[in-house]
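Please read the structure below before turning to the comments.
Letters A, B, C, D, E and F mark the chains as written, and numbering starts fresh at 1 in each.
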Amino acid sequence: MSSQPRVDGRALDQLREVRITRNWLDHAEGSVLVEFGATRVLVAASVTEGVPRWRKGSGLGWVTAEYAMLPRATHDRSSRESVKGKIGGRTHEISRLIGRSLRAVVDYAALGENTIVLDCDVLQADGGTRTAAITGAYVALADAVEWLRGRNALAGEPLTDSVAAISVGVVGGTPMLDLAYTEDSGADVDLNVVMTGSGRFVEVQGTAEAEPFDRDLLNTLLDLGVAGCAELTTLQRAALDTEPAAR
Amino acid sequence: MSSQPRVDGRALDQLREVRITRNWLDHAEGSVLVEFGATRVLVAASVTEGVPRWRKGSGLGWVTAEYAMLPRATHDRSSRESVKGKIGGRTHEISRLIGRSLRAVVDYAALGENTIVLDCDVLQADGGTRTAAITGAYVALADAVEWLRGRNALAGEPLTDSVAAISVGVVGGTPMLDLAYTEDSGADVDLNVVMTGSGRFVEVQGTAEAEPFDRDLLNTLLDLGVAGCAELTTLQRAALDTEPAAR
Amino acid sequence: MSSQPRVDGRALDQLREVRITRNWLDHAEGSVLVEFGATRVLVAASVTEGVPRWRKGSGLGWVTAEYAMLPRATHDRSSRESVKGKIGGRTHEISRLIGRSLRAVVDYAALGENTIVLDCDVLQADGGTRTAAITGAYVALADAVEWLRGRNALAGEPLTDSVAAISVGVVGGTPMLDLAYTEDSGADVDLNVVMTGSGRFVEVQGTAEAEPFDRDLLNTLLDLGVAGCAELTTLQRAALDTEPAAR
Amino acid sequence: MSSQPRVDGRALDQLREVRITRNWLDHAEGSVLVEFGATRVLVAASVTEGVPRWRKGSGLGWVTAEYAMLPRATHDRSSRESVKGKIGGRTHEISRLIGRSLRAVVDYAALGENTIVLDCDVLQADGGTRTAAITGAYVALADAVEWLRGRNALAGEPLTDSVAAISVGVVGGTPMLDLAYTEDSGADVDLNVVMTGSGRFVEVQGTAEAEPFDRDLLNTLLDLGVAGCAELTTLQRAALDTEPAAR
Amino acid sequence: MSSQPRVDGRALDQLREVRITRNWLDHAEGSVLVEFGATRVLVAASVTEGVPRWRKGSGLGWVTAEYAMLPRATHDRSSRESVKGKIGGRTHEISRLIGRSLRAVVDYAALGENTIVLDCDVLQADGGTRTAAITGAYVALADAVEWLRGRNALAGEPLTDSVAAISVGVVGGTPMLDLAYTEDSGADVDLNVVMTGSGRFVEVQGTAEAEPFDRDLLNTLLDLGVAGCAELTTLQRAALDTEPAAR
Amino acid sequence: MSSQPRVDGRALDQLREVRITRNWLDHAEGSVLVEFGATRVLVAASVTEGVPRWRKGSGLGWVTAEYAMLPRATHDRSSRESVKGKIGGRTHEISRLIGRSLRAVVDYAALGENTIVLDCDVLQADGGTRTAAITGAYVALADAVEWLRGRNALAGEPLTDSVAAISVGVVGGTPMLDLAYTEDSGADVDLNVVMTGSGRFVEVQGTAEAEPFDRDLLNTLLDLGVAGCAELTTLQRAALDTEPAAR
């Protein structure tokens, strides 16, 4: 991959600056402020004993996620979904994606009958909010699992792998990694890749925003996404290996 | 691809019987009862002059879709979303997918300031409802476009291509095409492919239901999906070339 | 009653062509596609063991109904009630009418603590959707009761009678049976009659749409409705006496 | 009709004590506290210039109604529909009935492009709330029409007749007029009759609560209802002929 | 305090005519029609055995309130909250205020595991609806407590004191008591005072509608409010000492 | 005022550490992360040209506020209001309080027909979220006003004063300033004071949580609140005088 510069001077295969700040909150069993450039997502992992009713007595745990945006996360203020009285389709879709992505690396039997909810609230949006949310949520989930381990509430190791996500797209005919908002809004093709730390796919979601795409282009985009997720995996490990600063 | 038999005796790369019945409704400008085996989706295309407010005066048309299931489309009755007072995440997600898929083959300038809504109501569900809906909706859309043409309400040819969709999955370790419900509910990996008649991708949505997947498996699944969509394209053309029986 | 012709050539006391297709769905315990001319209603009977909480332990069963219209059942597309987030008054009113009508011929003790829900979804509307729904729902209910009998889940014969319904109206000063949409929308008086197979009234709902009516006219309309319901009773029996074709 | 006594000592064809208090509210253009025995409904008629959008420019007026119950109108407290966030089917059904009943005696052209909303709030319920509401709403409507006349805002006489309503039922095998709650809740058949002052029917709604009914019984019930409505018409006229006491 | 006259001729420190009519409803365990001049609020106290789930087994009772306005209580008709499908902020705020005010004089242990709901429905609004509601609700609560005492359902005296409320404001620079609507809508400062019969504060809510206020003015307003509440306490006692007229 | 220590070692009249970080967001016209100890509220001020419909053509501007909490701001996770589909009473009440408080220092004519919305989202809650929100919102509002001034969009100086807020309470019989969550949840009396920079009251909201209070105690609490608001005014000025660090 060449490195012809972009709006913000990045190479085509270069991530924005990624910051993962653990323990950003005092009450949550795990919490992360994750930043992909100007995109800033606050993730809180909440542990509760017990599982939803349909799962009771199974011996299995449960992991789910909710995604939302603050009204002024975006350039123009958008209405609150609580005020409108209903959740939009995009919010639903991303919440479900985050939940599925995390569940792909969870061993429910080892988790035992505990529930972990990952709240991913976008404080500021500049493209890639769902991929930042997944990447940060894994770290918050890992901290919540540690919290359970510290209480001897686990029946084994609930995390079978790590998981990270990145967006890839074609802008002005050129494939590139980790689109910022101005890039994303003008993209011809948009692909989100969710991968495990061991390099396997959890989700591949490619969309022709303006122009259907062929198999070769799909392969190029997947190559970019695979490399991006590998980098994020390294950053997640580094964050988890560091003792988080007390606030 | 070998052809080792499945629950219903199909080969691994074989579609269920596909039936596309045009003009199933009297009032709609286009309508199709599309069946993928026991999956049965009624699609109605409704044309209205004018476009949503945010698009007025642009000279461009609009195409959108709504997906829903009758309460007893499924094995067990599910509650009506109208009674619950809100639309579930899955419904939202599929409605958005159908809309995006159709818009990928629409030239809005040629459509002029007309709106076409595709209502996709699942009368009976046996797996693959979203892919059947997209495949049928294209045919209903084509009929609605003809209706507009008959009224000299078009500024050109609004359909730049056709679009069809199929599901692919890995069941018991084996990749196979067009999953029926019993196959789908036990699948390790689930991939929906939406393609144009000219063989390019509009959407690729792969999900690891139980087990993350590697690049080779993704390629095998894409091969199956590409071939399935090509077959559906042929069936769509045949349906559109036939004079529909008057009811 | 004379037989001066109508828009569609019918006599004043003549029903439209009535078709009752049983077993239109694979999953439901009873299902009927009922057609009164171009009006087409899909009825699914869903059996569940047990009854609502307020009825538990009584030894009595429960029967209820939900009515809805697909958005493009009508000439112009109407918004989905699930999207609007609330059910309209007309929908509520008809759902309640169907439920009451069926309950009038049910012996709850013989049904035992089982619940049967009748979903009546209008696929195409051309007047008389509520009367077609009631007439078809009785047949679906009878099939669902047979299904329970086949499982030895009944404490006796839950159906004390059959039930059917028809609309009658005054159009251009002339009383007539089974109004189609164009007739109904211009009617001065509209009367819906729900009757048992043994010829007694379950519901009589007469409304002066444009002009209050006197006792003589009410009697004329009731005569028409009584005869129409008797015909429908015969058609219901014929449908139930026939082995339904396997789809 | 014989006059064998009832729970409250009434004859079978006897109304409860009816009280119609005009001008119960200071702000409304017409208002009535109507009482049928212990049933107490407050009706407010609100006049606004202009009509709903779909009627603009037609030169025609509009009349509509909303019915609701205070939470403790009933023996046991029921939840507020505003708190539940949705209106129940019964509320919808009765609101629609009241609106239709009043519209049957309105000449929209004479009303001009004015809207009158009749709010019927049940302060205390003891059976017959819908018939009390209709009977009282006509009086409030008449006062609101006078208010408009006083402002020279009418194009003629908008009221073509008066309208009143009463319930009739079969209790313990005996037909009787104007059921109180304890009678109504045990009735086999329930019939609501809405009639004009000139003795023609606006609505006839008969329901077999426990037992289908034959034509003879229907005729007996209609006779009772016709006589009851005639009495109410007299009481409405008396109320309107009296100068209401200033509060 | 001087007594320079107001719009309605009252002295600055003078209440409007206050009427407290007990037992206005037949079903409720306590009920009051309370009037502050033209402001008319119907309060119903509903007793149910048992408490909300989060309080079960505590031995403690619960008291709560709901406030609402009829659509035509006001000069112009407002939409029903049940029709809008949600409760407005003002309604919520006042319901909470009434509940807190009453709970301040309740001994939950003496009440035992019983719940009392106070429904305060404004039939006509002319300023001071929340203070009239609190003042009347105390009387209805006292009657409901007597009803429980009569059934030997109490573990002691649940009412530790009485509670009453009044509004005070600054209009045209002049502090005055018990604002009517025309005064209230032009007030610079608005203060609601809720006090016990023994003269202590339960709530003090002062708001600068147009102009921030200083400590001296706050003291003047509090003096007015304290005196007003003392008068209301006397009127409450008088109402409770009188045998209510049977309706 | 003595200075006997509290749970966190503070004197009775001592604020928690207050941090006001301006420009915490990139898109908003004004933004502040305000912290009162562990309470952390993100305030975004959004400017839009124009005003709500009911204010159009008046030449006057508008200022409003929305308050909300992230689900895991609190010790235990609470459900999202967007998921529940309705806003709770507490949220409504605080949103209204913040809006009123800011409007008390705004000159609408000088603001011109511009709208400023203050979104106050509680990221972490440890008592005093409403007072922190008001205090921070004033600073964000001031920045938004500067932004408008920089675009020559003002007709004068829209801010007539500054505004700040603090809570005061009685815990274990002792009056104290700026209650943290553990103090607040056990308080006998709770008073929120909103004051202008010039030392006048905008809102005074005192509530007897457990015990009605007398005039002397009210005065003591007001003294504490007045001093606390004065300190906050100094901190607001300091924040606004500093050039905010670029993020």
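Assume contacts are C-beta pairs under 8 Å (C-beta built on N, C-alpha and C of every residue); 3 or more make two chains touch, one makes a residue touch a chain.
The shown structure was predicted, so the numbers you read here are calculated from the model rather than taken from an experiment.
Colleague: Could you work out which pair in B-C, E-F or C-D copies the interface of D-E, where over half of the contact pairs coincide by residue number?
Modeller: Duplicate interface of D-E: B-C.
Colleague: With chain centres taken as the means of their Cα atoms, state the distance from chain C to chain E in Å.
Modeller: Here the centre of chain E sits 51 Å away from the centre of chain C.
Colleague: So, what's the distance in Å between the C-alpha centres of chain F and chain A?
Modeller: Each chain reduced to its C-alpha mean, chain A and chain F end up 33 Å apart.
Colleague: So the centre of each chain is just the mean of its C-alpha atoms; given that, what is the distance between chain A and chain B in Å?
Modeller: Computed value for the inter-centroid distance: 29 Å.
Colleague: Hunt down the residues of chain A that sit against at least two other chains at once, touch-wise.
Modeller: As it turns out, chain A has residues touching two or more other chains at 85-87.
Colleague: Which word fits how the chains touch one another: line, ring, star, complete or other?
Modeller: The chain contacts form a single closed ring, each chain touching exactly two others.
Colleague: Beginning the circuit at chain E and going via chain F, which chains come one after another?
Modeller: E, F, A, B, C, D
Colleague: Sort out for me which residues of chain A touch chain B in the complex.
Modeller: Against chain B, the touching part of chain A is residues 86-90, 92-93, 95-96, 100, 104, 161, 191, 195-196, 198-208, 212-215, 218, 222, 226.
Colleague: Write out the stretch or stretches of chain D touching chain E in their complex.
Modeller: Residue list for chain D touching chain E: 25-28, 31, 38, 42, 44, 46, 48, 66, 68, 70-77, 80-87, 91, 117, 119, 121, 123-124, 126.
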